[in-house]
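Should a chain be cited, it is by its letter among A, B, C and D, assigned in written order, with residues numbered from 1 in that chain.
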Amino acid sequence: MAEGLIAGLVVFVLASFIGFEVINKIPPTLHTPLMSGSNAISGIAIVGALLVAGDRNWSLTVILGLIAVVLATINVVGGFLVTDRMLQMFKKKEVKA
Amino acid sequence: MAEGLIAGLVVFVLASFIGFEVINKIPPTLHTPLMSGSNAISGIAIVGALLVAGDRNWSLTVILGLIAVVLATINVVGGFLVTDRMLQMFKKKEVKA
Amino acid sequence: MDFLPSSIQLSYLVASALFIIGLKQLGSPATARKGNLLAAIGMLIAIVATLLDQAVLNYEMVLIGMAIGSAIGAIMAQRVEMTAMPQMVGLLNGFGGAASALVAVGAFWKVIHGVNAIPVDETVTIILSVLIGGITFTGSLLAFVKLQGLISGSPITFPFQQPFNITLLAGFLAGSAYLIVNPKDTTVFLALVGISLLLGVLFVLPIGGADTPVVISLLNSFSGLAASAAGFVLMNNMLIISGALVGASGIILTQIMCKAMNRSITNVLFSAFGSGKKVEGSTAAGIEGRALRSIDAEEGAMMLGYAKSVVIVPGYGMAVAQAQHAVRELADQLERLGVDVKYAIHPVAGRMPGHMNVLLAEANVPYPQLYDMDDINPEFDRTDVALVIGANDVVNPAARSDAGSPIYGMPILEVDRAHHTIVIKRGMSNGFAGVENELFYKDKTMMLFGSAKEMVTQLVSSVKEL
Amino acid sequence: MDFLPSSIQLSYLVASALFIIGLKQLGSPATARKGNLLAAIGMLIAIVATLLDQAVLNYEMVLIGMAIGSAIGAIMAQRVEMTAMPQMVGLLNGFGGAASALVAVGAFWKVIHGVNAIPVDETVTIILSVLIGGITFTGSLLAFVKLQGLISGSPITFPFQQPFNITLLAGFLAGSAYLIVNPKDTTVFLALVGISLLLGVLFVLPIGGADTPVVISLLNSFSGLAASAAGFVLMNNMLIISGALVGASGIILTQIMCKAMNRSITNVLFSAFGSGKKVEGSTAAGIEGRALRSIDAEEGAMMLGYAKSVVIVPGYGMAVAQAQHAVRELADQLERLGVDVKYAIHPVAGRMPGHMNVLLAEANVPYPQLYDMDDINPEFDRTDVALVIGANDVVNPAARSDAGSPIYGMPILEVDRAHHTIVIKRGMSNGFAGVENELFYKDKTMMLFGSAKEMVTQLVSSVKEL
């Protein structure tokens, strides 16, 4: 278990480095879409929710998991769609400019 | 084992992303030191060599490991020192400029 | 808690890579939309891979849950106004945090009903996940409620707030320690959940409505960390990686906002945990009696129409009034007359980073016409008219000159260097930082009082008649 | 093959983070030295942590080995000339590759003498590690030997080279397949080792001496991948992460060099595996009979001393002649006379990326005086004298105009736009790409024949007398 923890830590640290490098390059123009886009990504909690909700036997765990599934799905779907709506505007411009 | 392989793959992919992001930002001025510096880092094979050479009982493995230790140490020590020598020159300038 | 089969792990790796590439592509307007799509595809892969896991048996319920969530999410995304983006992100963010917390609670329930002893590190990660997820949930919801105007946006404080917060935190730590020793104590666990939720509320309560975007960005970072924590609970790289990416992105955006407001993160954090002593009276003495020059739209249109170069400086007021389309039209009309029109975008104009960019993009303003602060400031000397539309703090010269001002040191758009400045706002009320603005009293400044949309529309029709 | 204890794993994580931060800091001249130091500290941590592993028992021998290696490395680092950097990196790189390959061979020996069955993926990673390590080893050594001038630098080809290489590769694949089925077959394994070493030689053999830096950079990338492969063999994150970092860095540098030479990586790779049809005769017809204007150092000094602006364009010849100190002195003298002196650095001037930067830094040229190609090219129109010192291909106008030239399309420094151009070189021999340079025959061009160091020193003394 402690093994897994450290393996997880390694992955976490590396991913954080990537996050900092990648995000730091994004220009201010795109900060609002970035915020909502990364917010959509944080909906990845849905994966955890699915794993927890998947049990056949009803239990508190499953119920909590199902609520989590609904909430996380809202986060994911809403986040990506709203980001796309914003970016669509940027896109249009490009063709014009 | 296949588990470990995938865990390793995850780490490898993440580290590669970091490498690309970080290195891409380095200006041409510093490419030669970068080359020799990253070459020194590739001497990390010394860690593998130590693990392989460490056995108390003599065997072909240990002998190969020891040779690897010598070669990797040359790579590491030579690499970092020569990079430092180069960078020292850049350093001096900075104070002057 | 068991390791997942290889194919799922590999799908997770692909999904993570898509997230990273997607975020990278979000870095340029030309590729941003594709980047968002890639990230969405990554999410889809992650979800499908998870559904194929043998741990997921309860398909019907799960799919129904996802269908409900998708429907709600899609409707929300369609309905929301572009000006309401900050609260939208806040709300979605709260849902994400809640999901992470629920996952941790669910995992807790599973382990305490299992037969095995519960390892310490599992308890620790569960507690952490509940804490971060809980704070994210209630904090984001409260921020949403404030921004949406459902409750007053002004900082809410009460006596002994600081000691109370500290007591709560201490209680949380004590409870955690207890739970680590007695992992199966449900009451203590529920108490910890309760404290986490309460902390989220207390975290956001003392923060003024205008500061909330910073907090939302920070909570966005938290929601990422919550997902990572959930990943540690479930030993799932997918969650850990995506969570870390979001965590980093939120922290960077928070830093950028703080820097542009010339406040430190710790300042925002501490004033958040402390009491809101934000709203201060005017400092610049001697302003009161001074004269303003007020003009009407016709005069304004004359000045603009006969100028060689005009720089438009939009601010929060333009967002509130939804005036962006009118502004675009004004620019079109001016360009028709041969005027050179540029937009100057301050990094914290509005209430979100990039707020103005999104609004102007919505109104079809070509983005090469938008200039960053550093690029446009040297231009003001050569600008005939700077047209300030509902901006205040970001053009306040006190930031440059008045060391006593709360915004002192914040870099500003130097509109006072232009030959003339026209300021559109409804009255003389202050901006977000609550300080007087000497700019309005300068000789070169003309005030055009009224709501941004109305005024700009009037300008447009007057310019048309020139 | 077993997992390492937590504290060691954590040290590895810290060491990896130091590598990353170190590489980041290598990105700016101000922090680069500190970055290198950080990376070295990371390496130290990794080594110490490994020595504390219980698997390492044979302390004395290991420490002796490290002492020997350190001594050799330190001496090499001290002795090497700055101009000999490419071969130094090549040599060190070869050692690193050899170490990785030896680790894999050692691991193979250990497993075949173990009692357990050998899992397929372990065999695969070992084979991979041997292949990459072996190629890196012999390839780098050969590149070193070529660059050092121990053997001729010209491409070496023999009949049926291509089919032979393909046969070898096929043999390697067949052997690998066999070994996966019969993991304990030592003969086949040794054959694979042999083929790997041979492939390294064959990889570099057909590559011209001047192309070798690209190959060294690519092999540097390989040595990183070799370390990663060894990491997969030993299940060691430290090796995997650092290997990936180095792999990425090598690939990026290779790409940069290729792009600046207007060749694709695949072109370099394939012409490497194919035969060297590099050295072509002159293409620009009608050059032969044309007149050159040759001047002596005194005339050159007059032109330089009375110019308002001079741009110095160093190339490989300056490196060979070790003329950088003299060049610096010349610049000093000219500046004393009020001349504005800039250096124009082409991305592939010399034989390594950043080669000129290192040399000029050695000679104490302040780096704000160095201009990238894109920044300096628009300046040439306003430049009185462009002083080309031992550069050839990077200033060859054929790259712009002559679609048949092998360097056509390569971006160049446009010295022919300057009012006058002075070219210092020893004779009329061609540069690396082996093509004639029309620049030398232009009316505005003066040739100053002689070795770079001598000529520049003469220029210095003549300028002093002005």
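One rule holds in what follows: a residue touches a chain if its C-beta (ideal position, glycine included) is under 8 Å from a C-beta of that chain, and two chains touch if they have at least 3 such contacts.
Just so it is clear, the model here is predicted, and its values are computed rather than measured.
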Any chain touching chain A and chain D at once appears in the list B
If chain centres are mean C-alpha positions, then the most distant from chain B is chain C
The pair out of A-C and B-C sharing more C-beta contacts is A-C
Rounded to the nearest Å, the gap separating the Cα centres of chain C and chain D is 46
Rounded to the nearest Å, the gap between Cα centres of chain A and chain C is 16
Whole-Å distance, C-alpha centre of chain B to that of chain C, is 41
For the pair chain A and chain B, the C-alpha centroid-to-centroid distance in angstrom is 34
Touching two or more other chains in chain D are residues 16, 20, 237, 241
The positions of chain B in contact with two or more other chains are 2, 7, 10-11, 13-15, 17-18, 22
Listed in rising order, chain C residues that touch chain A in their complex are 16, 19-20, 22-24, 26-30, 32-33, 35-37, 39-40, 43, 46-47, 50-51, 53, 55-58, 61-62, 65-66, 68-70, 72-74, 76-78, 80, 82, 85, 88-89, 92-93, 95-96, 98-100, 102-103, 105-107, 109-110, 113, 119, 121-122, 125, 216-217, 220, 223-224, 226-228, 230-250, 252-253, 256, 345, 347, 352-355, 357-358, 361-362, 364-368, 370, 372
The answer for chain C against chain B in the complex is residues 3, 6, 9-10, 13, 16-17, 20, 237, 241
So, in the complex, the side of chain B touching chain D is made of residues 1-2, 4-5, 8, 11-13, 15-16, 18-20, 22-56, 59-62, 64-94, 96-97
Residue positions on chain B within touch of chain A in the complex are 7, 10-11, 14-15, 17-18, 21-22
Residue positions on chain A within touch of chain D in the complex are 2-3, 6-7, 9-10, 13-14, 17
